[in-house]
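Next, two complexes with chain A in common: one pairs it with chain B, the other with chain C.
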Partner chain A sequence: MTTYIAQRLIIFFPMLLVISFLVYSGLELSPGDAVSHMISPELASTITAEQLDAMREAYGLNQSFITRYWIWLTSMVQGDMGYSMAGGVAISEIMVKTVPATLELSMVALFFSTILGCSLGVISALKRGSGTDNSLTVAGMAGVSIPEFFFGLVAILLFAIELKWLPVGGRLMPHYETVWDRIPNIVLPSLVLALMMTAGAMRYARSSMLDVLAREFITTARSKGMPEWRVNILHGFRVALTPVVVLIGFRLPLLIGGSTIIEQVYQWPGIGSMFIRSVRASDYPLVMTISLMYVFVVLTASLIIDVLTALIDPRVRLGKE
Partner chain B sequence: MAKTSLDRKFDQIKKREEEKSFSIKKRSRIVSKFLNNRLAVFGLIIFTIIILASLFAPLLSPYDPMRVDLRSMRQAPSFDHWFGTDSTGRDVFTRVLFGGRVSIFIGLGSAILSAVVGIAVGCYAGYKGGWIDVIALRVSEIFMSFPQIILVLLLVSITGQSLFNLMAIFILTGWGGMYRLARARMLSLREEEYVQALRSFGLSTFTICYKHMLPNALSPIMVNITLSTAMFILTEAGLSFLGLGVPLNIPTWGNILNVAQDILILQNYWWMWGPVGLVISVFVLCVNFIGDGLRDSTDPSQQG
Partner chain C sequence: MTDKNNIALSVKNLKTFFYTNNRCNKAVNGVSFDVEKGKTLCIVGESGCGKSVTAATIMQLLPTLSRIEEGEIIFRKDDKTINIEKLEKNGKEMRNIRGSDIAMIFQDPMTALNPVYTVGFQISENLKYHTNLNRKEIREKSISLLNDMGIPLPEKRVDEYPHSYSGGMRQRAMIAMAMACNPKILIADEPTTALDVTIQAQIFELMEKLKEENDTAIILITHDMGVVAELADNVAVMYMGNIVEAGTADDVLRRPTHPYTKALLESVPVLGRGKNQDINPIKGSTPDPYNRPIGCQFAPRCNWQTESCDVMPEITQINKTHEIRCHKYEQFFEKYNEKRDS
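Showing the complex of A and B:
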């Protein structure tokens, strides 16, 4: 087991390093450098080439590419993420503000989609082939076919504008301090996100449940004369859902990526809408830091999944790739 | 010698075969199974209708999708303008038809091209193994370390916005999945006897993997192409909705929806964004139905 984890870790760090290098050089290729983004168009006409060079020297931009990458990497490892070009705010400060908002949204959405997905999936499996099963399958496919932002817009129109039950967007309203005051704001975005995520969970729960129901211990339980609901719940449900819950728990990175557009639709001040803003403004330091953070989350999550599956199923760690 | 009942049966069969009455069932098992799947057939019909409608858009609509007509702006749907007009008086129905051309082209085109790249690499690397396979696997892992939308946005910020760039980005982000699929099929096919026989005949590696092995891996690939078409159409719509996809002067489904970011339009002019949102949803749903039908009819292990 230790060697397996060690093997995974040996891949993990070089991977992160290679990706950071690729992203750094990719953004290097994009037109303009940091200095050209700092100067407003009015200033650009009056500024001389010497002044530009002086600025480049001051920011260390005249050093070679590798040197700059090395400086950036070492300060990144030490926790200094640098500054955003728009407004010059420290990136670490932006992260501290936006990451909790995204986590909050994703966690609530994950909670709803897990409960909904598992229960619908189990119902679908128990009534396999029936009208309920078929309509749930079709509903699940509709769930992955509707663009999430379109669904979000319809929800805004219906529940926020027409019925006025919930706010249109945003996370914190002025003068609203307690947790209860904040709940109305999270309901719409998290439910929309959860409904979009439910389809996958449902499909997975259904096939896992069908798998378990075909096993011998279910037949044994039935033959003992156990009532059907007890067979399904105590024996089927419990066994079927363990792998599903583990899997859904680690769909968090997918969820964080998926929440990007929803955050924008609902003006949710999370990392996703910040990323979109930085892409629009060509704020390269911020684009780079946020995308590397996503990569870090995805790689860490897949590392944990690998280790967990190896713990559950010894065949994985003993067999070769 | 008297004919037994078995002989008579054989005679009947022989007679029918001579009359060629057996040839009615010429359709392959896969096609008939697909046609028995009601949702898949329904999906295929609507899919075809939408594609034909956008291909023949100039015949179906008298309007120009780009022409601004300020006298007829923000009109509600009527007999003249089926989906109404937008803020600059352009006919929304016409724009949806013309937008379909670009959106479907991007979706289908990127899916097919990324399949071509993924298969070309995956077949060879999966069959040959060795260092090519190791490198390709690591490269695909790099691309898969990003959430898909984040990678697309990152690449958009590097390359800038254009139709060509967007398709290139989609191919770059989409080939990995296809490669892994093709590779996995190749790894299992590689040990089969017919492949060993071909190898002992001295056929070249290219002939073996692209001409003899690839056809046996084609059905999961077809399913994957439909599913990634659906995904690319949704991604294009999302990006263009954010204003980061196809440049706004080209009508695409996402670009038409872009106006819904304005809450006034969202509230008062539902026809500018509602119908096109429905068209995207229905089209993608149909593509998913087709993909599901293909999977059920080609993969015997995926029933139920």
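Showing the complex of A and C:
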């Protein structure tokens, strides 16, 4: 187990390096550069090629691709994330503002969707074929297939505009003082996000649970005269948990990446919406930082999944030693 | 039949039906037998004849789409009698019997143990629910059970997961689990089908030993006639949900009186008779349970079939222990015995 984790950690950093290079190359291949996004459309017809070149030189964009990548890499390693080319703000400052917003939203959604998804899935599996199961299945299918933005807009229309129970969007208002003031703002986006994720987790938990409940060791457990909860939860759910943990683990990057769509719909000032803006503006430093963070979280998440599945299922432990 | 006090379990006219797609499968259709203390009852028959369903019914471990339609399962515990069929399926009383008074061993030890818990944990669950032992005592008992089953290094093995056990060891662990609370009745549903023959012999030896030491009644479900000859005190031959012939091992194996029993015995190759021996497989295959013959269930495959077989034969007592469900048994018995004499 320890050697396995160590192995994973050793390839961790080379992987980060390769992916950062790939992202950098991708940006290089995209049409236009940061300078072309900096000029307002009105100026575009009057500005000369010399002026553009001068601007490129000022930002260091005239250097070769490899040199620029090397400069970015060395400063990144030293902890200098640089400045956003679009606004000139320090990237660290942008991160400080956007990361908590995204974390807040995704953590609430992930937390509720995991608990709700697992328990509804298990209930659905245990009451297979009943009215409860059928309605949960229909709801789950709807949840999986309806696009997030549509669900989000309908929720805004209903709860914010028609019923006026909750605000339309945004995260912080100037007059907000305590944490309690902010709760109404997070309810809608987190609920929409959580319901979407609940549907997926529920479908997964249900099918995994049904699969396990049909296995012979469940009958063995029952033949020992143990109460039903112990048979279903300790013997059934424990084994059914593995695929569900994998699903939830792969959602961890969401914590940092944010749900771009939901953040857009609700004007949530998180990383998701920031990422879209920075890619549009070919804002190299910002895109690089965000994607690097994303890669970091994805790799960490898959490591966590492996450790967790090994903890749940002893057979995995044996296979990897 | 036998002394009432010696009977651990009697099943009377038991019917268990399965319901799927609005059709009814009469998997067990009026089965009666007694199991004596310290004796082995072998239930034999082809696949799908209702052997396993009978076992599952006694434990009330039936799948959701099936139910006990009729009949009685009377379990004698000390001086009390308990009607198992009247207990709630997963209720407290039923759970108190399961694993403690009546225990079960399953066919495939590869899948019957939970892969994510140690063998020790799975044995200890039994003890935890049916005894008052504390944690330390439970652990010691688990180790000594494994030791009794002939598992080497039980102190170490107790903390291992099923995947590091071999097939035979897993079945021993299953038996350890089943025997943990000294059950009055042990139901073994084809316990050695998934194991190779040498292990099979060891497992049966173990079961014999336990039977003698604890006076446990064993219901052994099998389709292996060799096993029956070796272990059975009493034999019940099942076909399509009915017991067609029952009696002591001697009655059934030496003087088979039902054409089906005879056919079963003739379809088994005998070791030592060489490869040119006559093996007579039973013609045809078991009928569709949803489209059964009207009278005797075996009639369409039977060489002795006559018009009278369109009516289901009643159980006839040939002698004190031997009973049979066939119209033609008298003629059959005569002819068979003539053959034997000549």
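Going forward, the second predicted complex is superposed on the first by the 230 of 321 C-alpha atoms of A that agree within 3 Å, B and C clash if a C-alpha of one lies under 4 Å from a C-alpha of the other, contacts with A are read in each partner's own complex, and residues count from 1 in each chain.
Simple rule for what comes next: a contact is a pair of C-beta atoms (placed from the backbone, for glycine too) under 8 Å apart; a residue touches a chain by one contact, two chains touch by 3 or more.
Only a predicted model underlies this, so the values are computations on that prediction, with no experimental measurement involved.
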item: Partner chain(s) touched by A:221 [first = chain B, second = chain C, both, neither]; value: second
item: Which superposed partner A:142 touches (first chain B, second chain C, both, neither); value: first
item: Contacts of A:238 with chain B and chain C, given as first, second, both or neither; value: second
item: Chain C versus chain B, contacts on chain A by residue; value: B
item: Partner chain A, residues of chain C touching it in the complex; value: 59, 61, 90, 94-100, 103-104, 106, 108, 111-117, 125-126, 129-130, 161, 163-164, 174, 177
item: List of chain A residues in touch with chain C within their complex; value: 215-217, 219-228, 235, 238-239, 312-315, 318
item: Residue ranges of chain B touching chain A (in the complex, touch as defined); value: 39, 141-142, 145-151, 153-160, 230, 234, 237-238, 241-244, 257, 260, 263, 266-267, 270, 273, 277, 280-281, 284-285, 287-289, 292, 304
item: Residue ranges of chain A touching chain B (in the complex, touch as defined); value: 15, 18-19, 22-23, 26-27, 29-31, 128-129, 138, 141-142, 144-150, 153-154, 156-157, 161, 168, 210, 253-254, 256-258, 260-261, 264, 275-276, 278-280, 282, 284, 287, 290-291, 294-295, 298-299
